[in-house]
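To keep things simple, chains are lettered A, B, C and D as they appear, and every chain counts its residues starting from 1.
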Amino acid sequence: MIHFESDYLEGAHENILKRMQESNLMQTCGYGMDEICESARKRIQKAIGNSKADVHFLVGGTQTNLIVIDAILRPYQGVISAESGHINVHETGAVEACGHKVISLKSEDGTISGNQVKEVMENHLHDSNKEHTVQPAMVYISFPTENGTLYSKKQLKDLYQVCTHYHLPLFIDGARLGYGLMSEKNDITLKELSKLCDVFYIGGTKVGALFGEAVVITKDALKKDFRYMIKQRGGMLAKGRMLGIQFDELFKDDLYFKISKHAIEMAMQIKQACIEASIPFAYESFTNQQFLLLSDTQYKKLSSKFVVSDFGKKNDMNIIRICTSWATTQNNTDALIEMLKTI
Amino acid sequence: MIHFESDYLEGAHENILKRMQESNLMQTCGYGMDEICESARKRIQKAIGNSKADVHFLVGGTQTNLIVIDAILRPYQGVISAESGHINVHETGAVEACGHKVISLKSEDGTISGNQVKEVMENHLHDSNKEHTVQPAMVYISFPTENGTLYSKKQLKDLYQVCTHYHLPLFIDGARLGYGLMSEKNDITLKELSKLCDVFYIGGTKVGALFGEAVVITKDALKKDFRYMIKQRGGMLAKGRMLGIQFDELFKDDLYFKISKHAIEMAMQIKQACIEASIPFAYESFTNQQFLLLSDTQYKKLSSKFVVSDFGKKNDMNIIRICTSWATTQNNTDALIEMLKTI
Amino acid sequence: MIHFESDYLEGAHENILKRMQESNLMQTCGYGMDEICESARKRIQKAIGNSKADVHFLVGGTQTNLIVIDAILRPYQGVISAESGHINVHETGAVEACGHKVISLKSEDGTISGNQVKEVMENHLHDSNKEHTVQPAMVYISFPTENGTLYSKKQLKDLYQVCTHYHLPLFIDGARLGYGLMSEKNDITLKELSKLCDVFYIGGTKVGALFGEAVVITKDALKKDFRYMIKQRGGMLAKGRMLGIQFDELFKDDLYFKISKHAIEMAMQIKQACIEASIPFAYESFTNQQFLLLSDTQYKKLSSKFVVSDFGKKNDMNIIRICTSWATTQNNTDALIEMLKTI
Amino acid sequence: MIHFESDYLEGAHENILKRMQESNLMQTCGYGMDEICESARKRIQKAIGNSKADVHFLVGGTQTNLIVIDAILRPYQGVISAESGHINVHETGAVEACGHKVISLKSEDGTISGNQVKEVMENHLHDSNKEHTVQPAMVYISFPTENGTLYSKKQLKDLYQVCTHYHLPLFIDGARLGYGLMSEKNDITLKELSKLCDVFYIGGTKVGALFGEAVVITKDALKKDFRYMIKQRGGMLAKGRMLGIQFDELFKDDLYFKISKHAIEMAMQIKQACIEASIPFAYESFTNQQFLLLSDTQYKKLSSKFVVSDFGKKNDMNIIRICTSWATTQNNTDALIEMLKTI
């Protein structure tokens, strides 16, 4: 069986393993205060062109989301998210477990607009009993979204403008950031994205690392005491340099972007094959996740040789997710394309 | 100005004040363990025909909802509710503040069906990554609903049957229970309702008391250590007998039902007047809350003499809530009806 | 049996019941925004000589403590308290349930000193791994303490100076404030106390009211959005005017102070009787709570006619709490004194 | 500089890196459901002689402690721990952040006794107002303790007997389990330890792994839905096999025990050197952590060549922690011993 069900099937890029091997018996202090983490921080600050940004390394996405959100909100405040947002669906209520409501907004493709946020804020501000409702106090989006879709620079600017107007910190979940940035349809650079939000994270787990997400805090007001939050929520890795090693390698010689680009190329080949085979899509994605609509027969046939993800039904068709990653081989992609031609 | 904006505008029924006066200098122990609370408990157990039910007296609705729900759920579990449910909209995220997600279901009129709950459970149970999502673990409904609508005995039986099948405790918010039970359209008795759920509360604040809700726990598994929960969440009144006095009076000689019936009569007179004046309704309510659809002009005119509640817009009409209560006078009702005839 | 086990045995001062009676059928808006609450707020602002202070009315002490503390702290912060502090012992972990550690300090008599707080802060600030420990971020004291003891003006000034130096808000639990202020040993006025902390509350439940605590916030930084906190934690009373009525009466013509003084007079008579009968005390209290050390025989004899509170053992003696209150009669006091003479 | 300040200075045992290298491009499903995790689980079940135990792999110690404790307790319950327990001191209030009080017990050496737990329980059960206090509901101990001390088999049996009598689950924090089990003074086997508690964890981070703790749940009542807890608290690693690889290697050919034994040998050489140099100890430790009492001069001299941990003062002496680990070399140990001879 060949696996396309997720983008965390394999281990890590060879450079990372090599660096771990080389540095294995080094003695360093713990908790992310070592020189390797420091070097990784500097590379990321350089990549976003902001030497004042705080950079923290966490282990996983859910952990990162709950810590960032819990660090920002006061007890009676909630976070605005698309109803399809990862924090609203696939984190077992991690945000609620920290005491906060996820205020979910309708979304066709996984994105939300500045106007939707504006409407939420205006309704709240004009509610004469506003203290009886959760106070919307920050905005969460994912780039790319859970559906593989992207915000255009214009959409993101509009959203951030509204957030700024209402003093809502904007947090971008970049679990798949590289796959968004390297999409042929994307018109935003990492530098620009870092200036169109207050805090975001660069996903490592799905983009070449064994694990790890790099939180980048650009807004000064959000920087204070963040390490206390990490420690309290169990996110502070004792051998923190393992995280430093991974991001130091990923941000050396643009490795992060190169391997992301490869995943996109594989995905676009698959997308093209679907178009040629007249296989419809559930969402119009130009990133590494493709959502195909397959009949039961097609799904069954595909599953005979490939492992994919089942995302439920749309009408009577099955929503099937196919993921590529930094590790996807041309051979496996070719094999999948062959199959797609015949179903 | 005459007030119809809520059902907690006045103080308490005279019998309650009289009893407070008489018993004022009695010395009793605190925290609800006194003889007056004991007497009130017995009256409620008698009224529901279940001497084994646990009865606890709390101060207010939000407090009651959060304590009951927090007492039942484990950290990763959530409560199913109509999206219009009070816990989902008007309690400032009190349930989330206890760590739990409110799993909201679409609802036209404020009720949810057994089939909707069944669908939630089946989707969860068949999710291969179910531990990535909040586990639905109890059901919350209000009777009557926030829109003044009611569950028929058949609807409630169907819902409870589904809950029982999936081992979901069913919790009924009875903040306005009297006004539901005494509605001409209601076909459920208090005794029956107490057998069609696992825990519910009898609202006092809106039905003749100064404050107070009586939680009735019929399911043994939910009884353990409930007083610890009350105390921890700040719900244990030092002079607990004040709550006992109110429910002892309300359940003496069916006072609770008599005063509820009065509120319904006033509401039905108003409803009739609306029908005759061809004023449409936002919801088809036969309880003490009536939701009128008024044009801006009508709303303005009404507001010249009456205080009502604004529940937003439906298309271009204003949703106006008019509440009656145990304390609503025939005079005020007549005055309102006169006005309704002319707008 | 005559009861001396607590200071919340009876109902409320007659003026309060009278006012409830008179105003019972008034129609007012809810949630503490009515004119009676407004009048009560003004009386309290006048009593402390600060028209800018925010005044909120809550139902009970545990509720008040958890809401004030939760409103002030960020998730990784804790509150400093004497180990005997009410929040640390008798609130079922209400503060922890909001996510915060109570950092407890040793205390002989229930008070803590500025030097103790200074030591905690210096240890934390000089800890190279400080983010691995809870950040001390506010100080909680009770006046009088749970042991009936008091802070002198000098002690409170020293403590507040340290708090100010380390930017620690100081919160004073005044559940029995009146009984502290009217003690013959007290040298602090209400006005002065209000200036030697950032937030405090005036206890009503134990001092003449049916229930109710008035939170007074003097520090601007702590005022924002407090009503959201009250609502979320279930502390917002629908018929809020009931709280307004009680504090409006208590702060009319110094009633609060007069009835507190009466309780102290009764307590001092009892204290004098103990001294004459050579009955030792567990704590040197000049407030309404007296802690006697009685042998088993003495305790047994006392209990034949009087209900008192058992506070455990000190060596082989029983710590017995006797409370007076605004409602304690001279007759009951005389009867108790007679008994104390003979045991 | 040579480092002895902690036992997580280096990377991982070479076998682990080798296995990561070999398996790097394997495609496996995520979240710990892969075949490598399955193999590691079986090895651990074999090592404890219990094929029915649930084994879960988490990333770090604080995360493990908070998830296990939060999974066991109901909202109003607390966990009993030595005041020096890691959860009470060095986890930034992680347990409180989940809503639970740590009920701390005095301890000279870091251990607590069955009698201490019995006293807590008896006091609580005989408290007539018990619902006003946190309900003690589980016991947390560390083996070895934070001070390097151990429980004898007799002590642990006594403690567990008391826990069983009061229905208190006993949780053993085994962050340094290997270093305890291989101590010459230890008389408990892993098999025996697994039967003298209800849940425990095998520390990997400090004993040869890059990171990772293996939670072993032997009590059936504690097994349900544990994976929901892991996910909600951000402890579920996407590429879960990384954890499987580490424990599969550590429990192959007793590697875990062999490398632990090495650390103990290095520590005992250092301990012997201290004795010969008449350097006193703060605690009588026979595990990999040694707590020396050094004068300022001695401390200064030691620090010229070695990095150690400062654990504060005992009288006028400095408490200095020296840690060995699986990675400590004989050369570094010899160098340290040389130094100890001369100071």
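The rule is simple: contacts are C-beta pairs under 8 Å (C-beta built on N, C-alpha and C of every residue); 3 or more make two chains touch, one makes a residue touch a chain.
As the structure is a prediction and not an experimental result, all values here were calculated from the model.
Asker: On a CA-centroid basis, which chain has its centre farthest from chain A's?
Answerer: Computed centres place C farthest from chain A.
Asker: Report which interface contains more C-beta contacts, comparing B-D against A-B.
Answerer: A-B
Asker: Would you mind pulling out the distance in Å between where the CA atoms of chain A average out and where those of chain D do?
Answerer: Once rounded, the distance between the two centres reads 34 Å.
Asker: Where the CA atoms of chain B average out and where those of chain D average out, how many Å apart are those spots?
Answerer: Once rounded, the distance between the two centres reads 50 Å.
Asker: Measuring from the mean C-alpha position of chain A to the mean C-alpha position of chain B, what distance in angstrom results?
Answerer: 42
Asker: What are the residues of chain C that contact at least two other chains?
Answerer: 75-76, 91-93, 97-99, 129, 131-132, 135, 228, 231-232, 236
Asker: If we count contacts the way the header does, which residues on chain B are in touch with chain D in the complex?
Answerer: Touch list, chain B to chain D: 31, 70-71, 74-76, 98-99, 129, 131-132, 135, 225, 227-232, 236.
Asker: Tell me, which parts of chain C touch chain B in their complex?
Answerer: Per the touch definition, chain C meets chain B at residues 2-3, 5-6, 8-12, 14, 17, 20-21, 23-30, 59-64, 66-67, 91-94, 97, 205-206, 210-211, 228, 231-239, 242, 327.
Asker: Taking the complex as given, what residues does chain D use to touch chain C?
Answerer: 75-76, 78, 89-93, 96-102, 128-129, 131-135, 310
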